[in-house]
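Down below are the structures I want you to see.
In the two complexes below, chain A is the common chain; its partner is chain B in one and chain C in the other.
Coming up: the complex of A and B.
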C-alpha cells in the first residue's frame, strides 16, 4: 500500500472560487493579447523587451519551482531518504511552476506561431543562451511530468505500467537533476549577454551562472518549507517541522556560500563604493542582501530551526531575496538607455496573477484527488 | 621559376625597400581589394617586371591638385616611389621636370607612339560652358584635351571627386558648366575614384590591378571600383552600434560627442555615401584618421549630389539601412510607460497578500506548536 494518499476533501471552496475569478480575468486579458497583440495589453517597449511576464513567470517562476530539483538532489544524490515525504508535493509544485514558465514564454512571444521552430535542429542558433534555456526548460517539463507520473498511475491503479516505469525512472531522476542545473545557470548567463545594461552591482561576467543556480537551489529549499508550512496550516495537518529544520540547515550553508561569492565579487571588482552611493541601486542591493542575511542569521541557531514560525519567516525572506535579486537585475536597475521606463500594466499584472491562481487551483485539486501528500503519521 | 622564388633583388635595389616590406605592401593592397595572397604575388611580379610599365598621361582640369597631393603625401614610404616605378608617368603637370610647349609635344608624341596602350588619368572637373573656354592648357581647352587623350586610351581613370562628378566646381550655381569626366566622355568606360581628396589606397589598388591583370577591376554603374565603393560608410562605421542603439551626439563637445556616439544627427553623410573610409581610414596613418574618426560628421565628399551639394549639417537620407525592427525604436522613448496608480496598487496588493498569508500561517503554526506542548 502506498505511503501517500489523496486528501479527499471538497475541491470547490470559497478560496478556490476567488482564484477562479482571478484566472478568468487573466483569460480575458490573454484573449485581448492574442487578438490585438502584445502592445495592446503590455507596457513593453523598445528598451524593455522583457517585462513582468518573462521576469516573473519565467525567471522568478522557475526558480520558485526549484523545490523538486532541490529535494531530488537531497533525496537521490545525497541519499537522504527521510525527506522523501516532502518530494511529491515539491515535484507537483515544480511541475506547475515550470508549466507556468512555459506558458509565460509562449504568451510573451511576439510571433508565437513560430514557436515550433525551436524544436527544428536546422533552425537552431547554437550560439544563443536562449536556445539552451528554451530547450532545457521544455525538456525539464517533460521530465518533471514523468517523475510525477507514478502519482497519476497510482491513482488509476495502473500497477504494471508503474513497475515498468520504476525500472527506468532513475534515468529521468538523473535528468531532473541535470537539466535545472543547466538552465538555471543559463538564466544567469542571460544577464551576461545584456552587458552594460545591467547595473554594475548585479553584473558580473563570470559568476552570473553560479549566483543564479545557487539562489535557485536555495529558493527551492525555501519553497519546500513554505509550501509544507502552508499545507499543514491550510489542511490542518501536523507540522513537518522536524524534517523542515534539516532543510533549514541546507539553506544556511547555501546562503553563506552565495553571500561569499556575491559580496566577494563586489569587493574584488572595486564596486564597494556603489553600495553606499545612496541611489536606488544601492538601496535595493542593501534590501536584497538584508533579505538574504535574515534567514542566514535566524536559521544559524538550532532552536530557531525547530521553531516552525521562524522557519517559515526565514523561508519567506529567502523567497523574497531570490525574487528581488532577479527583479533588480532584470528589471528595476536594468538600464536600456536614456528615456526608457517600464512598469507592468494592469493587464500584465492580472495575467501573471491569474496564472499563479491557476497554478494554486491545480495544486489544490491534485492534492485533494491524487496521492500526493504523505500519509499522516501517528504520533 | 615558380611564383614563390621570384627574384626581387633588382626591385629591392630600384625601389630601395626590402623584399619583405614590398611583399607586405602588395599583400595589403590585395587584401583591401578582397583578393588572395596569390594575387599579391602576381601584383608583386607585375611591379618587378619593368617591361609591363604602362605609359600614363595625367590631365589636370579645374581642381586644387588635392588628389595628387594626397597621393604624394601618403605615409607609406614607398607609395609614390612604387607608383612612379610601376607606371611610366610621361605627362603630369605638377610633377613634370620640363615645362611649356616642350612637355606638350612630349605628351603628343607619347600618345601617338602608344596608341591604345596608355593609361589616362583625369584629375579635376571639365568646364563645358561656352565651348569649355574657362579652363585652358597651352592654349587648348580642357574639354578638347580630354576628348583627344581619351580617344586612344587603353583605360581612363577619373581621380578625385571633381573628375568623377564635377566636385566643388559643379556645385550650384556652376558658372563654368563644370562636369566630371564620365559625363563628358559619354559612351566610354571611365573608372572613377571619387573623394575630396580621394584615398590614394583606392587609386593604387585599382592601378595595381590594371597593371597586373591588364583589365579594370569590377565597377559599379557610376564607374567606381566595387572593392572600394561597394558599401556605405554607414555599414562599416565603428560608430554604427551607437546609431542602432539610438545614441547620438547632438552638438560638438556635448556628452555624446565626447563619448564617441553616432554623428548622424550632426549631419553625418555616412548613411548615403559609398566609400571604404571606415576600414582603410586615410593616408595609412591609422589611429582613426578620417573625418568620423576624429569626431566630425562625414561630409559626403565622394558622393555626387551629396558633397558640396547638401548643407554640411543637414540630416542624411539613410539609404539602405534603417535599423531592423528588433532594435529599439528611438522615437518612442518619451512615451514609454511608467507606473499607473492601479498597477502600483495591484503590485502592492500582491506583495501584501503574500506577506499577509505568511503572517497568518506563522501565527497558526505557533498556535499549533503551543497546543502540542
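Coming up: the complex of A and C.
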C-alpha cells in the first residue's frame, strides 16, 4: 500500500471555474498573438526585447518551480529521507512550473515554427548562454515528467512498469539535480552579455551564475514551505511543521551565503554609493535585501522555525525577495538607453495570469485524482 | 570516495567554477583581416538624411512618417523599416551646431559591425554570423527562432524584430552585402556612404578609416582640410572645409572590443546617446564564464557521475521506505 493517496474530492468547484475563465481569456489573446503578431498583444519594442512573458514565465517562473530541485537535493543527495512526504507535491509543482516556462518560451518565440533549430547540432552556438538554457530547460521538463511518472503508474496500477522504472530512476533523479543547477546558473549568466543595460547594482558579471543558483535554491525551499503550509490550511490537512522547520535551517544558511556574496560584491566593486543614491535602483535594492534579511532573522531562532505562521511569512518574504531580484535585474532597472520604456500591456498580463491559472487547475486536478499528497499521519 | 568527501569536493569545485575562478579568460576578438567599415563624422553631418533614404531604396523598405513635418523620412529610431537613422541632439535654444549648451548635433545610428559582436555571441542558433574576411555581421532568417536575445546582447539596440508580423524576423544593417544586394562583393560601396553629400559617412577598410580618423584628430580647429567623399581609399571627390574642434576620441577604436563602423564628433559621445562601454566586450566575459562553468561539458558529466552514485546509494537506503 502506498503512503500517498489522492484527495478524492470534487474537481469542478467555483474557484476552478474562475480559473478556467482566466485561462480562456489568455487563449483568446494568444490567438491574436499567433494570427496577427506579437506586437498586437505586447508592449515589446526595440529597446525592451523581453517583457513579462520571458521575465515572469521563464526567469521567475522556473525559479519558483525549483521546489522539486531543492528537495531532491535534500532527500537524495544529502540523504535526508524524512523529507520524502513533501517530495511528490513539490515535484508536481515543479513539473507544472517548468511546463509553464516551456509554454512561455514558445509563445514568446518570434519564429516559433523553427524552434527545432535549437536541437540541430549544426545550428548550435556553444558560446550562447541561451542555447544552454533552452536545451537544459527542455531536458529538465522531460526529466521532471519521468521523476513524477511513478505517481501516474501507481494510479493506474502498472506495477511491472513501475518496478522497471524504479531500477533506472536514480539516474533521472541525478539528472534532475544537475540540470537545474546548470540552467538556473545560466539564467544569471544571461545578464552578463546585456552589459551596461543591466543596472550596476545587478550587473555582477562573474557572480551572476552563483547568485542565480543561490536564489533559485532559496526560492525552491520557500515554495516547498509555502505550498506545504498552504495546503495544510486549504485542504485542512495536519501541518508538516516539524519537517518544514528543518528546511528553515537550510534556508538560513543559504541566505547567509547569498548575502555575503551579494553585499560583498557591492562593497568590493565600490558601488556602495549607488545604494544611497535615493533613486529607484537604490530603493529596489534595499527593499530586495530587506526581504532576504527578514526570513534570515526570523528563522535564526529555533522557536520561530517551529511556528507555522512565522514559517509561512518567511517563505512569502523569500519568494518576493527572489522574484524581485530577477524582476529588478531583467526588467525594472533594465535600461537599454534613451527613448525606450516598457510596461506590460493588459493582454500581456492576462496571458501570464491565464497560464498560471492553467497551472493551478492542473495542480488541483492531479492532487485530487492521483496519489500525490502524503497519507495523513493520524486518523 | 566517501560520500562526504565527494560532496565536499564537488561543492568546492562547483563554487570555483560558478565564480569563474579557473580556465583562462577569453580575450576580445581581433578585427577581421580585410575588415570593411564606415567612418561617420558627426561634425560633417548636416542631417539631410540622404543616407536614410538611400538605405531604404537599397533594402526595399518603406519610409516611416512620424509627425507632420518631414522630408523623405522621419523615422526617429531603428525599426524593421529603418536600418540606418539620423538622430538629433538638442539643448535649449539649439542655435549653434556641435555645441553642448544651447546647441544641436546629429548622430547616425546603425549596426556598428562590432569586432566582437554581442549579437553573435548570444544567438543560440548561429543566425548571426561574421564574415571572416570582411567582418560584416549578417543575419540568417532560416536559422533564427526569434528569441530576440540578440536585441538584449547588442550594446546599441541595433537588431529590430518585426513584432507586427506573425512571421516576423530580425532586421539590421548588413552593410549592403546581403544576398540579392551584394554591393561590397561587387566592388561597390554601401548605399549610405555613396549617397552622403558631405562625406560624413565614408566607406573603406577599417585600417584606412582609422588612419583618416586619426588625421582628423590631429587637425587644429579652424585649419583647412580636404575632406573625401565616398570611399576613403579612392574618393569620388574632395572638398575643403575648416576643421571643427574634434573630441579626441575615435568611437569604435576600442569600445567593447572595437567596431568596424567608427564615429568621431565635436561633442562628447554620451551627449549623442552612445552607451557607456568599457574596452572589454561583454561577449568575451559572458563566454569566459560560460566555458569556465562547462569546460566543454566535462564538468557537468563528472558531476552527473558523482550525483548518480550518491543518489543510487541513498535510494537504496530508503528502500524500506517505499511501497
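Simple rule for what comes next: the second predicted complex is superposed on the first by the 378 of 379 C-alpha atoms of A that agree within 3 Å, B and C clash if a C-alpha of one lies under 4 Å from a C-alpha of the other, contacts with A are read in each partner's own complex, and residues count from 1 in each chain.
One rule holds in what follows: a residue touches a chain if its C-beta (ideal position, glycine included) is under 8 Å from a C-beta of that chain, and two chains touch if they have at least 3 such contacts.
All figures in this text were calculated on a predicted structure; none of them were measured in a lab.
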| request: Put chain B and chain C onto chain A via the superposition and say whether they clash or fit. | output: clash
| query | Touching A:312 in the superposition: chain B (first), chain C (second), both, neither? | reply | first
| chain B versus chain C as contact partner of A:229, first or second or both or neither | first
| message | Tell me which touches more residues of chain A here: chain C or chain B. | response | C
| request: Based on the superposed arrangement, let me know which partner A:264 touches: chain B (first), chain C (second), both, or neither? | output: neither
| query | In the superposed arrangement, does A:342 touch chain B (first), chain C (second), both or neither? | reply | first
| task | Could you look at A:210 and tell me whether it touches chain B, chain C, both or neither (first, second, both, neither)? | result | second
| task | Check whether A:31 is in contact with chain B, with chain C, with both or with neither, and answer first, second, both or neither. | result | neither
| said: Taking the superposition on A as described, I'd like to know which of chain B and chain C A:302 touches: first, second, both or neither. | reply: neither
| task | Return first, second, both or neither, reflecting whether A:353 touches chain B, chain C, both chains, or no partner chain. | result | first
| request: Could you point to the stretch of chain C, among 6-14, 222-230 or 312-320, that collides with chain B in the superposition? | output: 222-230
| query | Which parts of chain A are touched by chain B and by chain C alike? | reply | 45-47, 336-340
| message | Per the contact definition, I'd like the list of chain C residues that touch chain A in the complex. | response | 3, 7, 14-15, 18-20, 76-79, 118, 120-127, 141-149, 151-153, 155, 157, 160-169, 256, 273, 275-277, 282-283, 285-287, 289-291, 293-294, 300, 303-304, 307-308, 310-315, 317-318, 321-323
| said: Using the touch definition from the top, list the residues of chain A that touch chain B in their complex. | reply: 43, 45-48, 226, 229-230, 232-234, 238-239, 241, 307-309, 312-313, 316, 336-346, 348-350, 353
| List of chain B residues in touch with chain A within their complex | 245-247, 327-330, 332-334, 336-340, 342-344, 346-347, 350, 354-355, 357-358, 360-366, 368-369
| request: Report the residues of chain A in contact with chain C in the complex, numbered from low to high. | output: 1-3, 34-40, 42, 44-47, 49-50, 75-79, 81, 84, 105, 108-115, 117-118, 120, 123-125, 127-132, 134, 154, 166, 169-171, 173-175, 177-178, 181-182, 185-186, 189-190, 192-197, 205-210, 213, 336-340
